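The structure appears right after this line, and notes come after that.
Every chain is named by a letter (A, B, C and D) in the order it is written, and numbering of its residues begins at 1.
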Amino acid sequence: MPTTRLEAFSDGVVAILITIMVLELKTPEGHDWPALHSLARVFSAYVLSFVYLGIYWNNHHHMLHVCTRVTGTVLWANLHLLFWLSLVPFATAWMGEEHLAPLPTALYGGVLMMAGIAYFILKTTLITAQGPGSPLEAALGSDFKGKISVVIYLIAVALSFVDTRIAAALYVGVALMWLVPDRRIERELGNPK
Amino acid sequence: MPTTRLEAFSDGVVAILITIMVLELKTPEGHDWPALHSLARVFSAYVLSFVYLGIYWNNHHHMLHVCTRVTGTVLWANLHLLFWLSLVPFATAWMGEEHLAPLPTALYGGVLMMAGIAYFILKTTLITAQGPGSPLEAALGSDFKGKISVVIYLIAVALSFVDTRIAAALYVGVALMWLVPDRRIERELGNPK
Amino acid sequence: MPTTRLEAFSDGVVAILITIMVLELKTPEGHDWPALHSLARVFSAYVLSFVYLGIYWNNHHHMLHVCTRVTGTVLWANLHLLFWLSLVPFATAWMGEEHLAPLPTALYGGVLMMAGIAYFILKTTLITAQGPGSPLEAALGSDFKGKISVVIYLIAVALSFVDTRIAAALYVGVALMWLVPDRRIERELGNPK
Amino acid sequence: MPTTRLEAFSDGVVAILITIMVLELKTPEGHDWPALHSLARVFSAYVLSFVYLGIYWNNHHHMLHVCTRVTGTVLWANLHLLFWLSLVPFATAWMGEEHLAPLPTALYGGVLMMAGIAYFILKTTLITAQGPGSPLEAALGSDFKGKISVVIYLIAVALSFVDTRIAAALYVGVALMWLVPDRRIERELGNPK
C-alpha cells in the first residue's frame, strides 16, 4: 500500500493535538497583567509540547519521505505512536496546572519516553516493510539521537522525585538537541557508524 | 468519482474522534498517586475505544485500497458509518464515568454493533459500485469476523444487564480478535468458503 | 490553481464541525433510562445537523468533482460557505437545549438559509472560474432544489414564531428532499430546463 | 521534499483553529433576544478572527502554489507561523469576554503582529528553498502590504492603552485592506518596485 493515507491520518492527528492543547489556555478571570501572568506556567508547558509535537511531525515527515510502501504492521506501529502522542496534551495540562509537582512531571517524561520508544518501533517496522537495502535504512544510520533521548527521559522521570526543575531542564534540553544544531550534531554524533 | 476525498474525509473524522476522546481525560484535582489512579477507569475505556477506532481506520484503509471508484450511495453509506463511530467518544465517556453501570455498558455495545452493521452496509455498497468480479469482492471473502463481531456485540448488550464485567470482557475479546492473530484467523476462520 | 487544497480544507472543516457537535452530547448525570432519555432532544438535533452537514459535504464533493480550477474569489466564496456551516453546531446546541423555543428555532433556520445562499454564491463563482461551456454549468442545470430550499427556510424562520413544530418539520422535510429521492426528483424537478 | 504534506498539515491546523473558535460561542442561558444579543461582542470577535485566519490560509495557499520544494527550515518556519495562529482563538476569546479591555486588546494585536512576522520569515525561507530566480520571488514583489500590516499592528498595540476602539478599528482596517480591494491595491501599492 502507498504511504499517502498514513501520512494524511498522522498529519490530522498531530494537527488536532497541537490545537487541542490551546484549549487548555483558558481565558483568565481578570484583564490585567497578573491575570495574564497566571497563565505563564501553563503557556510555557504549551510551548514545550508544541515544539515536541513539531519535532515528531518533522521527523515523521522526513522518515516517510524516503518510504514507498506501508504494511498492516506499519499502520499499527503508527497508531501506537499516535496513541502516546495523544497523551501529550493531558500530561502537559497536568504538569502545567500542578506547578511542576513530582508525579505530573514524571508522567510527562514517561509519555515522552513511550513516544520515543514507539517512534523506534515504527522506524523498525518501516525498514522491514521497505525490504533490505532501502534508502530509509541508509538515511537513518544508527539513530544515536533517538536512543539517547529515551535514556535522558528515563533519567528525568527518576529525577522528577528529587527535583522537578532538573527534569524540566532535561525535557527542554532534549527538545533543543533535536531543534537547534540539527546538522552539525547529526554529522558528529547522530551517525557515528 | 475517485476515492481520494472519501478517504481524506474519513481520515479527518476518525483522527478527530480519536483525539476528542483524550479531552475526556480531565486533569485530576490532586497531583499524587490516588489522583492518577482515579483516572484508571476512564483511561482503560479510552484505550479500548482508541483500539476500536484504530481497527476501523485500518480496515477502512485496506478496503478502500482495492476500490477504484465511489458513488453517491457509497458516500452516504460512509457517512452512516462515521455517524456511529462519532458516538463512540460519548459512549466511552459515559461508560467510564459511571463505573461500568449496566445501561452505559449496553449503550457502548449498541454503538459498536451499529458501527459493525454500518461497516457491512458500506462494504456491500462498495462491492456494488466496483461492478461484478472486482478485486474487492474476492479480497473480502465471506467476512466471517465481521458477522460474528455483530453477534457478540448483541450478546454483550444483553449480558450488560446481568453482569457488566462479562460484557466488558466480550468488548475486549472482539478487539483482540481483530487485533492480534490477524493472519492465522483470517486463513482458518475468516475465509471459510 | 487546482482544486485539491480547497477540497482538503473544506473536508477538514466539515469533518471537525461534525465531530464538534458530538461534544454537545454531554454525558448525563445518572446511568438509567431517564438519564439517557434526557438527551433525546439534543440527540435529535444532532442527527438532523449531521445529515445537513453530510448533504453539504456530498454536494460540495459532487460539484468540485467536475471543476478543474479555482480562483481567489472561489476561495473566499468557499470560506463564506464554511463560515455559515461553522455556526451550525452552535445553532443546533441552542435549539436542542432550549426545547425548540421560537428564537433558537428561527436562528437555526436562518443559519441554514445563509448556508444555502452561500452555496449558491460559491456555485456561481465556480461556474465563472471554469469559463463558458464548462461541464459544471451543464451538470447543475437550474438548481431548482437549491432555490426552493432557501424559500422553505425563510418560511420556516417566520413560522418559528407561530409554532416551532411546523418549522422543525420543514427542516426535516428539506433534509429528506435532498436525502431520499435524489434521482427521481433530480430528473423530474431538479433539471426542468 | 514536495510541498504536499506541508500544505495538508497547515490546512488541518487552520481548519481546526477556525472551528475551535466556534466552541467559544457558548449557548446563552435564555432563549430571547437579550440572550442572543449578549453574544454580539464575542460573535464580532469571532467574525474578525475567522476573516484573519481566512486571509492567512488564502495567502498561504497562493504562496505555496508557486513553490515546488520545501526544506527542514521551511517546515519549522511554517510551524512557527502555525504557533502564533494557534493563539488567535485564545486572544479572540479573551478580548471578546473582557469587553475590549486594554490588555486583551493589545494582546490580540500582539498575536497578529507575531503572526505577520512569522509569515514574513516563512516567505523568506521559502524563497531561499526555491533557489534564485524562482517564480515565488517574482510573484511576491516587495510585499508592501505585509510590512505595513505589521507596523499598523504595532501602532494598534500601543493605542490599546489609550482607546481600545481605535485599536479595534485598526484591526478591522487591516483585515479590510487584505480582503476587499485585493487587485487594485496590489497593482498600485502592493508591488511598487
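FYI, a residue touches a chain if its C-beta (ideal position, glycine included) is under 8 Å from a C-beta of that chain, and two chains touch if they have at least 3 such contacts.
Everything numeric in this text was worked out from a predicted model, so none of it was measured.
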Notebook entry, point to check: Over half shared or under half: which fits the residue numbers at the contact of copies subunit A and subunit B, same or different?
Noted result: different
Check: When the Cα trace of subunit A is superposed on that of subunit D, what is the rotation angle, expressed as a multiple of 5 degrees?
Finding: 90
Note to self: Centroid of subunit C to centroid of subunit D, CA atoms only: how many Å?
What the structure shows: 27
Margin query: Counting only Cα atoms for the centres, state how far subunit B is from subunit D in Å.
Written below: 38
Note to self: I need the residues of subunit C touching at least two other chains; which ones are they?
What the structure shows: 8, 12, 16, 23
Notebook entry, point to check: So in the complex, which bits of subunit A are touching subunit B?
Noted result: 1, 5, 8-9, 12-13, 16-17, 20, 23, 72, 75-76, 79, 82-83, 86-87, 89-90, 93-94, 97-98, 101-104, 107
Item checked: Of subunit D, residues touching subunit C in the complex -> 7-8, 11-12, 14-16, 18-19, 22-23, 25, 27-28, 31-33, 35-36, 47, 50, 54, 57-58, 61-62, 65, 179, 182
